[in-house]
C-alpha cells in the first residue's frame, strides 16, 4: 500500500534526477525518460485498480498520525486523474522523441517533463492544503520553464503574462491557506472538513471559499480569470502545449472540485450557484473566442477554456441540494458529479490528441494559420481520420466519449430542473461543432494553397515527413482510447458514478484519512 | 437486427479498400449488401402483418438508462424496406455515376455509414440510441454533401446543413430526455403503452415543441427549409437517396412514431397542420420558380414533406371538435399519409436519378437550355415520364391513389374542411406544373439552345435504377391491394394506436366520386399554368423578394452576428494588456470576497489598541512600530521611486524589516533565512537591472488613481481578514503535537527544523525541486538562444 | 573589481565561511540553522570567488558541475525518503542510529533526516551557484 | 500589536498589486517580490502571535519551558520564502531575456501573442 501512493511522486523525481545527470547524452535521456513514464503508467493503473477494489486509500507520509503528518490520499477521482496524467505523459514523451529539437533536450526538457508529472501527481494525491500549495508551485515552476524553453519571441511574451497571473494566484492561495490555518489550526483537508464547521463561522468560511475560488479559478482558467491561457498556450512547441492543455488547468479544476465538495460545503446555495454562473460564462466566452480565431492552436486554446465550463457545471449543479434534499435530487447530483469526472477524463484524452495533431500539421506545412493550410484530406487521409475522432468527440457527436459526457451532464441538469444551464450547455455544444468544422474545412477540405511545400517533394518536406511516423503513434493510441471510452461507456461510467458518489459523501474521505477522528466525529454527532 | 446494422458499418469501413480492389465493379459489389438486407426485411413482412413482435435488447450503459434495444413494427419495416431498396439502386447507380472521381472509396464509406445510421434510427427502440443514430445521419450527410470539397459552395452548404440539423437535434435531445423522464421509461415500446400520461403531463408543450424542433429542422419544414436546396451541391446519388427519400423523412418518421402518444391534442393539430400547410404551399410555389432541375426537385421535396406533416396534423382533428368527428376520418388521414410517403419516395428518387442522367449527358441542368432529349435518351425519358405521371397523380400510377386519399382525407375534415381541401388542391396543381417542367420540357419540348455535347443514352446502371423505381410506382398503382396492403395495414394500426389490427382495403380505381373530379381539375389547371408559365413567373416576382428576406438570410445574419459578438468579446476581454487582465482579476477577487463579506452580519474584530494608556503601550512596542514604519517607507519608496537603484534599495529595506519582525516574534530560523535570501535577491536584482532601462512614469494620472483605489481596497480587505482570523482562534492547534514530540519522535531540539526535515519532509522535498527547476530555467533562459550555436 | 585586497581576503575567508556553513547545517536539528541556511552560506563563499576572480576559477574551485550538484542533492533527499519504502514503512519515514561517542564532539547520533538535510544543502548550493554563474557570465 | 502588522500586510499587498499593474518590467518584478513578502507575513500573523519565545528546546529537556511561538507557520513560511526566492530568480531571468529579445521594456506593447 505504501508503495502505491508514494510511487507516482517518487518515480518522476528519481527519473528527473537521473536525466539531470545525463543532460549531455541525448539518447540515454530519452530511454530513461520513456522507461520512467511507462513505469509511472503501470503504477497509476495498479493504484486505480486498488482504489476501485478497496475504496479510498490513505497513507501518512513519515508514519505520523493523520492531522499532524502529511497524508497521501487516493480516492477514485484522484486515481483516475493520476492515470490520465501518466497516459498523457507517455504519449507526449513518445511524441516529443521526434518533435523536440536538440537544444531543448540539452537544457533539461526531459527532467522538466518528469518534475511536472511529479507536481501534478503530487497535487492529485496530497491530502494537505499547504502541501497542495507546494506541489502547485512545483508544477507551476516546471511549466514556466517548459513554456520558455527555446526562448523564441512569442514564448517569452506569453510567459510574462502566464508567470505574473499565476504568481498572483499563488499569493492569494498562500494567503487563503494561512488564514485557514489561523482559524482552524490544522492543515489536513479531512481535518479541515471536520474543524471548519466546528468553528461555526459560516460567513468567514464563505470568504475563505471565495479566496480559494479566485486562486484555483486563475489556475483552472474559469471565466473572468482565463486570459493567461489563450495568450501563452499556443507559443511553445506542440508537445509542450499538449502536456499543458491536458494537465495544468485540470489540476485547477481538480482542486476546485476537491475543496468545494469536501471543505466548503456549508453554504451551497451561495457558493455553488456562483460556480454554476461562472461555468456558464466560461463556456460561452471560451467558445465565442474560439469561433473568431484563425490559427489552429489558438482555437484549441480557447476551446480548453470553454470545456472547463462544462467541468465545473457538474459541480455547480450541487446547488440544487440547497433547495430540495430529496432522494431524487441526490441521485441527480450524484449523476452530475459522475458526469464531471467522466468529462475530465474525456477532455484530457481528446485535447492532448488535438494538440498533437496540430503539431503534425504545423510540422508538415510550417505554419498554424488556417489561411495558409489546406489539402490534407487529399494528401494525408489517415491524418484526416485521426483528426476526425477527437474533433467530433469534442463537438459531442455520438457514439464518441464527448457525446456521453455532455449527455450525462444534460440528463442530470434536466432531472434537477436546471434548464438555463442545460440550454447554455447545448448551444455551446453546437458552437464547438461550428469551430471544429471550421478547422476541418480550412485545414483538411480546402485545396492546398499554391506555394505550400505540401505537394512539392522538396528536401525540406521529405525531412519533415520522416519524423512524422513516430509522432503519429501516440495520436493513434489516444484516438483508440477515445473510441474505447465512447463504446465501452457502460462499465467506465459505472466507475465515474462511483467517483461521483465518493465526492458526494465527504465522510468517506474523512474516515479513510483519519480512522480515529471518525470515532470522535461520530461521538460529536 | 443489431448484427445487420453492425455488418453495414463494417462494410462501410472496408469500402475504400473494396472500391480500390474491385475498380469498375465496385458499384455492384457494394450494392449486394443493401440488397441482402432488403431481402431479409422482405421476409419479415408476413411476420409483421400477423402482428408478431420482433425486438432485441442489450444493456449498454444502465446508469444512463441507455441500452441497445431494437424493435421492428409496421412503420419501421416500411422505412427499412425503403432505405435498403432505394439504397441498393443508389449504390448501383453511384458506382458508374462517380467513376473516375478521386474520392469514390470514401464516398461509398460515408454513404454506407449513412445507410447503417438511418437503419439504426428507424429500428431503434431506446430514445437515446435513436438520437445517437440521428446525429450520425447528420454527420454523414455533412461529409456526403461535401464530397467534392474543393468547391467553397459545397463546404458552405455542408456546414449549413450540419448546423441547422445539429441545432434541431440538440433541442430534440432535451425533448427526448424530458419525455423519457415524464413518460417513465426511455424505451419507445413502453412509452407507447403509457396512453394519456404524456398528454396530461405538465411539461407536455415544451416536450412537444422541442421534439418538433428536431423533426422540423431534419425534415426541412418551413422556417428551417433553406438548407435542403443548398444541399443540392452534393452529387446526385446523395440527393436522390438522402435528400429526397430517407434522411429528410427521419423527422416525419419520428413524428409518426410519437403521434399515438403525443398526437391528438389541439397543439399537435394546430402546429403540424399550419407548419405542414405553409411548407406545402411555399415549397410548391418556389419549386416552379426555379430553373435548375435539382433545385426544382428539392423545393418539391420540401412541399411533399409539408404534405406529410399536414396529413399527420389533420389526423388529430378529432381533438378539436370531438363530437362531430366521423370514425374513419383519422383512418383516411393515416392511410393517405402512408400511401403518400411510399409514392413520394418512389417517384422523387426516380426523378432525381433522371436529373442526374440529364446533367451527366447534357452537361447542364438548366431547364431553359434542355430540349428534345427523348430521342437521344429513350430509356431515361421513359423513367422520367413514369416518375412525372406518378407525381402529377395520373390514374394508372401509385401517385394517383395517394392524391385521391389526400383529397378524401381533407374533404372529411369536420373543421375548416373547405380551406384544407383548397390547400391540397393548390398543392396538387403545382405538383402537376413541376412534373411537366421536369419531364415534358427537357425530353419532349423543342430544342431551345445547343447543348454542350451531343447527349446519348447513359450506361446500363444509370438508366436501369430510375426505370425500376418508376416501374415499381406503376405496379403499386395497378395492384395496390396485393402489394400495398400488407405494408399499409400494420402502419395504420400503429399510427391510430388501435389495439386490434385495422382492416385496410385499397382499390386501383375508386370509381367516380367528388375526389376524382377534384383530381382531374387539378391536373387540368396544372397543365394550363405550365402552358403560360412565363406570365406566371412575372406575376410571382414579389414572392422572390420575399424569399431573399426569408429564413435563408436569417441563418447568414445569425452566423455573421455570432462572429461579430465573438470578435467584440475577444477584443474587449483578450485585449493583450497585462494590466487589464490584472484589473479584471482584481475586480473579480474584490467582487467575490466583497459579496461574501457583505453576508457577514457582525465583523468580529477585537481592537486591542488600549484607549487608556496608549503612550505606555506604544513604548512597549516601540521597536515594532519603528520596523513597521521602516517597511511602510520601503513599500512607498518601491512604488514612487524613479531610479532602479532606489527601487531595489527600498525592496531590500522591506525585506530586512520583515526579518526584524520575525526576530521580534521568536522565529530565529526564519529571520536567518529571510536575511540571507533578501541579500541574494538584492544581488540578483542588481545583476539584472544593470542592463534594463530606467523606470519612466508611463500611465496617466487617472489610471494611477484608479489603480491606487483598487489596490488600496484589496490591501484593506487583507488587513481586515487578518484581524478577523486573529480573533477567531480554535484552541487545539496541531502545532502542540510538534512541540511535544519534537525531541521524542523527531530527536531534535529545534522544532522548526524538525518539522521541515522530519514531520513535513514532503514540503521540503517539493521545495528543493522547485529550486532546482528554477535554476534549470534560469540557465535555459540565459544560455539558450534560437539560432545561437550552443556550446553544450 | 579585481583588487588584490579582495583576492587575498577571499583566499583566507573561503575556508572559514565553508566550515561555518557546514557547521550551521550539522547543528540545524538542535539549534537555529539547517540545510537552507547552510546551503545559502556555502554558495556565498563560491560567489565571493566569482566576484574576486572570475566565474571560471570559481567553477574550478567547485570541481563539479552545478547541475551535477543539484542532481546529487535531489538524489540524496529522494533516497533518504525512499529508505522507509524499502523496509515497508510509509514514504519519508525516518530512522536514527543509537548514540555513539566521537572523540571531539562527544555523543553523536546519525539519522536519515541528516541525509535529507545534506541533500537540501547540496541542492541549495548547486541552485544558487547555477543562477549566480549564469547571470554573472551574461 | 496585530493591528500594526495587519496595516503592514495591507499596505504591502496594496503596494505589490499597484506595482504589478505598472507598465515597466522592473516594477512588475518588484511587485511580485512585495506580494510574496506580504503573503509570508500574513501567514505569520494569522497564526496568532502567542509569545515571542523561540520554539527551541533547551539541552536535556523533553519539552520547551513555558509558552513557545507556534513553530508550524514558521516552517511553512520558511518553505514559502525559499520557493519565492526560486520563482523571483526565474522571473528576473525571464524579464532580462524578454528585454534582450524584444528590446522593449513596456508591457503594453507586448500584445503579439494575444490578438
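Just so it is clear, A, B, C and D label the chains in written order, and each chain counts residues from 1 on its own.
Assume a residue touches a chain if its C-beta (ideal position, glycine included) is under 8 Å from a C-beta of that chain, and two chains touch if they have at least 3 such contacts.
What you see is a predicted model; the values in this text were computed from it and never measured.
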### Query
So which has more C-beta pairs touching, A-D or A-B?
A-B
### Query
Using CA atom averages as chain centres, what separation in Å is found between chain A and chain D?
28
### Query
Just how far, in Å, is the C-alpha centre of chain D from the one of chain B?
50
## Note on the structure
Expressed in whole Å, how far the mean CA point of chain B lies from that of chain C is 63
### Task
Spell out, as numbers or ranges, the residues of chain A touching 2 or more other chains.
9, 13, 16, 20, 61-62, 108, 130, 134, 137, 141, 144-145, 148, 151, 160-161, 164, 168, 175, 178-179, 182, 187, 227, 230-231
### Query
Can you list the residues of chain D that touch 2 or more other chains?
17, 20, 25, 38, 40, 42, 46-48, 54, 56, 59, 72-73, 76, 78-79, 82-83, 86-87, 89-90, 93-97, 107, 110, 113-114
### Query
Mind pulling the chain B residues that touch 2 or more other chains?
570, 574, 576, 578, 582, 668-669, 673, 677, 680, 684, 688, 691, 718, 722, 725-726, 729, 733-735, 738, 749-750, 756, 758, 760-765, 767, 769-779, 781-783
### Message
Building nodes from the protein chains and edges from chain pairs that touch, which of line, ring, star, complete or other describes the result?
### Response
complete
## Note on the structure
So, in the complex, the side of chain C touching chain B is made of residues 28-37, 40-41, 43-44, 47, 66-67, 70, 73-74, 77-78, 81, 91-92, 94, 96, 109, 111, 113, 116-117, 119-120, 123-124, 126-128, 130-132, 134-138
### Task
Name, in rising order, each residue of chain D that touches chain A in their complex.
16-17, 20, 25, 28, 32, 35-36, 38-40, 42-43, 46-48, 72-73, 76, 79-80, 83, 86-87, 90-91, 94-95, 97-98, 101-102, 107, 110, 112-114
### Query
Of all residues in chain B, which touch chain C in the complex?
668-669, 672-673, 676-677, 680, 683-684, 687-688, 691, 746-750, 753-754, 756-758, 761-762, 764-765, 768-769, 771-772, 774-776, 778-779, 782-783
### Query
For chain A, which residues are in contact with chain C within the complex?
2-3, 5-6, 9-10, 13-14, 16-18, 20-21, 23, 59-63, 72, 108
### Query
Which residues, counting only chain A, touch chain D once they are in their complex?
130, 134, 137, 141, 144-145, 148, 151, 153-154, 156-161, 163-164, 167-168, 170-171, 174-175, 177-179, 181-182, 187, 227, 230-232, 234-235
